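Have a look at these structures, which come just after this line.
In what follows, chain A forms one complex with chain B and a second complex with chain C.
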Partner chain A sequence: MIGEFIDGPLWTFALTVFVIGVIWRIASILMSGVRNDLAVPKGSAGNGAFRAIFSRFVPERTVTKRGKLQLIAGYAFHLGLFALLFFAQPHIDFFAQRITGFSWPAMPYWAFIVSAELAFAGLIFLWLYRLLNPVTRLLSDLDDHVGAILVFVVMLSGCLALAQSFEVLRLLHLLLAELLLLYFPFSKLMHAFTFVMSRGYTGATMGRKGVNA
Partner chain B sequence: MINSRERINRRVGRISFTGLLVFLVLYSLPLEIIAETKGSQEMPSVMVLNPAAELWRDVRQREGSNIGISQVRGVDSGVLINANGDRWRKFRMEQLIPIGGSILVGVFILLGIFYMLRGKVPIEGGPSDRKLFRYTTYERMIHWFVASLFLFLAISGLILLFGRPVLIPLMGKEAFSVLASACKEGHNLMGPLFLVAVVLIFIRFVRRNIYQRGDLSWLLRGGGIIGTKHVPSNFFNMGEKSMFWLLILVGSLIIASGLVLVFPLFGQGREWMELAHVAHALGALLMIVVIMGHIYIGSVGMEGALEGITTGYCDLNWAKEHHDHWATEVIERGEDLSNEAVERLRRSEPPGGVKLHLQEHGK
Partner chain C sequence: MSETFDLGVEAMKAQLDAKVASYFSSCVHCGLCAEACLFYTETGDPHYTPIYKLEPMKKLWRREKTFWGKLGASLGMGEELTEQDFADWETLVYDSCTLCGRCSMVCPVGNDITYMIRKQREAFSVAGYAPEGMKEASRRALKYGSPMGVTFKTLQATLSHVEKDTGLTIPVDQKDADYMTLFSSMEIVNFPEYIESIARIFKSAGVSWTISSKAYEATNSGIQIGNKEIAAELVGRVVQAAEDLGVKYVVSPECGHAYTAIRWEGPNLIGRAFNFEVVHILELLEQLQSEGRLKLKSTEQTPLTLHDPCQIVRRGGVVEQPRVLLNSVADNFTEMTDHGVMNWCCGGGGGVSANERAEEVRLEVFSCKQKQLNQTGVGTMVTACANCRIILEEGIEHYEMDTEVISLTELLAEHLQE
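Right, the complex of A and B next:
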């Protein structure tokens, strides 16, 4: 009964809220508009935006030097999670069956294990840093912690269900993933989409001013 | 000529005979079985030599180490019955689980009794208005990283080891099978991270954990736990140093044996796996017992012990009472700070650590 609800109506509801919520958030940002800049442009805003979106993947030297741990943990977590989400065989099967209608090649089992190890180590380190470093602790609010905990329990429940032998473990993982989908659009987890606009806006502003930043 | 009446009579006769035969066979079979069962219950058993005993003795290889030939290519594929497996299973069920469980429960009870007798060891001079910087953010991070992994691995491992006798009576077989599957997957996945954690701990803390003068006297005086006198010690006392080396050495054994169990890719056979399991379980039980003591002191056993690893700063009086050699050095360098200064620093700690704080604050 509960299983059917999690597998059926709740999944549809969570996915709908996620899709509409993300579109609504992105649309609201895009529709808020930008201040009209009357100055004569000294460079291309488009080029600046494009450059900033990609160049920011490589951190500044000072950041590399002082925030080595956050940098390594950050990349380990995000890349590991990305690989798990889109290239784990059970996820591909789920997407093909429920959303896309087609599948794509999955990563081998050893790569799955490595991705999971990287994602877990990265997330635990980042969360501990958030809790223990005085600056990040003060900057963090409930949303940051709820987001981190939700992502962690979704990942953990997925790994606990790895044997794929028990329906209850799969349903637990799905339920937690649905809670994450419901929470996602209203939280800072939206940075998964909005980082493009944020970087693009900064890059465009600087590009228009002719600043190489 | 046989007339039709006779043909019918013969046919009826054949059918009747066949039916009677079937009836008798069907009727007699259960009776035979019942009779045999009754007989076996009532009559004394007779030893019948198994004509295949020799064959099975050879198969079990109790009296020889010859391995058979098989078309299947793989480790232990020529071994049909692993006699050592039975020995390992008996050790696990009859010694490891009952004795290991008794030790864990016993240590827990002992800690409880000790707490009731001794209570929380207070800071004798009371909390001071000054603090000493003890652990950087990175050091606290790797401490809690290894701590969280250890707790997860210990709990999931204990469920796997003691679940059958302890949890099945409480939650039933079906619920336990789900829990055991989850624990097994989680344990296997988080296990390799423990290797990373132990390596990070080793690199960061090894210098401060090398034994030095004064450590032995700390040990001989029981670390001050017995009696009321304080025993001088360095940044880490003999007990902490010994726990560090136990974590590194026994932790390495647990990790190595765990990798043998999780990745059966390097040609290790069943005997190696059994050996690895025993080493893994014994090492883990030892570490759990030691960590129970560590958690006891850090939580309810001693006032001020947890502060350093949560905030990075420890109370001056606590440091004088438990790590006075180190506390004296820090005070001589003029690096003790007021509580207010620590509060300010904790709100704006830069990555450079305490030296940078002190420079910024003109000390």
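Right, the complex of A and C next:
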């Protein structure tokens, strides 16, 4: 009964809230508007925005020197999570069945294990860093911790459910993923989408000035 | 709650545009911006983390623009922006931020934190929470046309000395000249040799130029303090003078923030594009050199390094020109580590140098530049901003260093081919 609810209506509801919520958040940002810049540009805003969206994946020397561990953990977590989400066989099967209607090649089991280890190590390090470093401790709020905990338990339940031999574990993983989807649009997790906008806006401004940002 | 506080809140609401909304939505509180800010790296105080300086604005954004904030507000719950926030954050917003823009270059999600701090100052200024030194500078700028109270008579006296020393005539209010040249008060009072250098270079290159008796000051206290009315008035005076004289170009002096003020913020402040072009003096000199009008001789053997003024380079886009010019006259030029758009600030930009209250922390964080200079091992530092120059000289004095600071324009004037 509960299983059917998690597998059916709750999934549909969570996905709907996620999609509408993300669109609403992005639309509300765009509708806040940006004043037209009247200064004569030196360079292209479009090129600057495009450049910044990708160039910020490569950190400046200041960050590689002073924030080395955070940087490595950040890459490990994000790459690991991305690989797990989109290239784990159960996820591909799920997406194909529920959303896309087609599948794509999955990563081998050993790559799954490496991805999971990277994602867990990165997330745990970043969370401990958040708690222990004076700067991140000062900045952090409830949203940061709720987001981290939700992602952690989703990943953990996902690994436990990997064998798919226990339906209860699969349903637990799906339930937690649904909670994450419901929380996502109202939280900092939105940075997964809005980073394109923030990088784009800054890149456009700097591009007009002829500065590679 | 005071009336000015309410106005401050309204001014802050007006700053919550799409850029700010995307920035706060994207910030994951990673704290990496701290590693790019000399106020944090040199003191280790987490309160100097750039994004933390925006807590008041973030509080308002959360309440006005987010689901949880709006829900809390409708239920009479959640955090509200208070007057105490303005009081508590005033020193972080004005004393420990030079608007240098280094944090904006390293943010993984691309947040232009400097843009937000500049915008937040608008609200602080309206609410009455701004340093006395900057308020005074703004009043003097409005009354006398200069934040240091330099009147046209003072400038005339300086020009007379320059004319006597060079034997050249400095054109004033000459209609239909090509270029109208601006200066910073710091140059007029402390570095008149800059004006002399300009006169000699322009004479040598055959530049048609003039100074306006109505608008000769390039700096803009309104932008530093965050008062757009004052900023617009000061820009408007320059625009009026340039259009009255019918010049084709206005030349921004070496001063960094003056360039940002007139070049990038100016048209937006007065609400229209200019009828003339704005060029930085280094852009013009590099152009003159490339056209063969500025002939320089490379005879400087002294080891030199370059301090990049943040507003000219990182926030202004004049990156290569100083290097091209410097390499034309210097045979022994060494870049600092973290140069160009990733330079470290002198510590006195964004109005910090006009804020007496900030002097102690400004001198403390100069240790950053000291380390850079020690690494380079060069005893002569060239720069292209009068404000940087005076701050660098003060820091050098404070740390008892044996370093000379010289202006790039002056260096070029010394190497003119006669």
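Operating definition for what follows: the second predicted complex is superposed on the first by the 213 of 213 C-alpha atoms of A that agree within 3 Å, B and C clash if a C-alpha of one lies under 4 Å from a C-alpha of the other, contacts with A are read in each partner's own complex, and residues count from 1 in each chain.
Definition applied: a contact is a pair of C-beta atoms (placed from the backbone, for glycine too) under 8 Å apart; a residue touches a chain by one contact, two chains touch by 3 or more.
In this text the structure is predicted, and so the values were computed from the model without any measurement.
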Name the contact category of A:A121: first (chain B only), second (chain C only), both, or neither. first
Of the partners chain B and chain C, which touch A:R61 in the superposed model: first, second, both, neither? second
Contacts of A:G43 with chain B and chain C, given as first, second, both or neither: second
Tell me the contact category for A:L139 with respect to chain B and chain C: first, second, both or neither. second
State whether A:L169 touches chain B only (first), chain C only (second), both chains, or neither. first
Using the superposition described at the top, determine whether chain B or chain C touches more residues of chain A. C
Applying the touch criterion given at the start, work out whether A:I113 contacts chain B, chain C, both or neither, answering first, second, both or neither. first
Counting only touches as set out at the top, which of chain B and chain C does A:C159 meet: first, second, both, neither? first
Would you please give the residues of chain A that touch chain B in one complex and also touch chain C in the other complex? 66-67, 133-135, 138
Flag every residue of chain A that touches chain B in the complex, lowest number first. 66-67, 69, 113, 116-117, 120-121, 124-125, 128-129, 132-135, 138, 156, 159-163, 165-166, 168-169
Touching chain A in the complex, chain C uses residues 16-23, 25-32, 34-36, 40-41, 46-47, 49, 51-52, 65-68, 102, 104-112, 115, 263-268, 271-274, 277, 314-317, 319, 338, 341-342
Would you tell me which residues of chain A are touching chain C in their complex? 25, 28-35, 37-40, 42-43, 52-53, 56, 59-63, 66-67, 70-71, 74, 130, 133-141, 144, 185-186, 188, 190-191, 194-195, 197-203, 205, 209-213
Looking at the complex, which residues from chain B come into contact with chain A? 137-138, 140-141, 144-145, 148-149, 177-178, 181-186, 189-190, 192-193, 196, 312, 345-349, 351
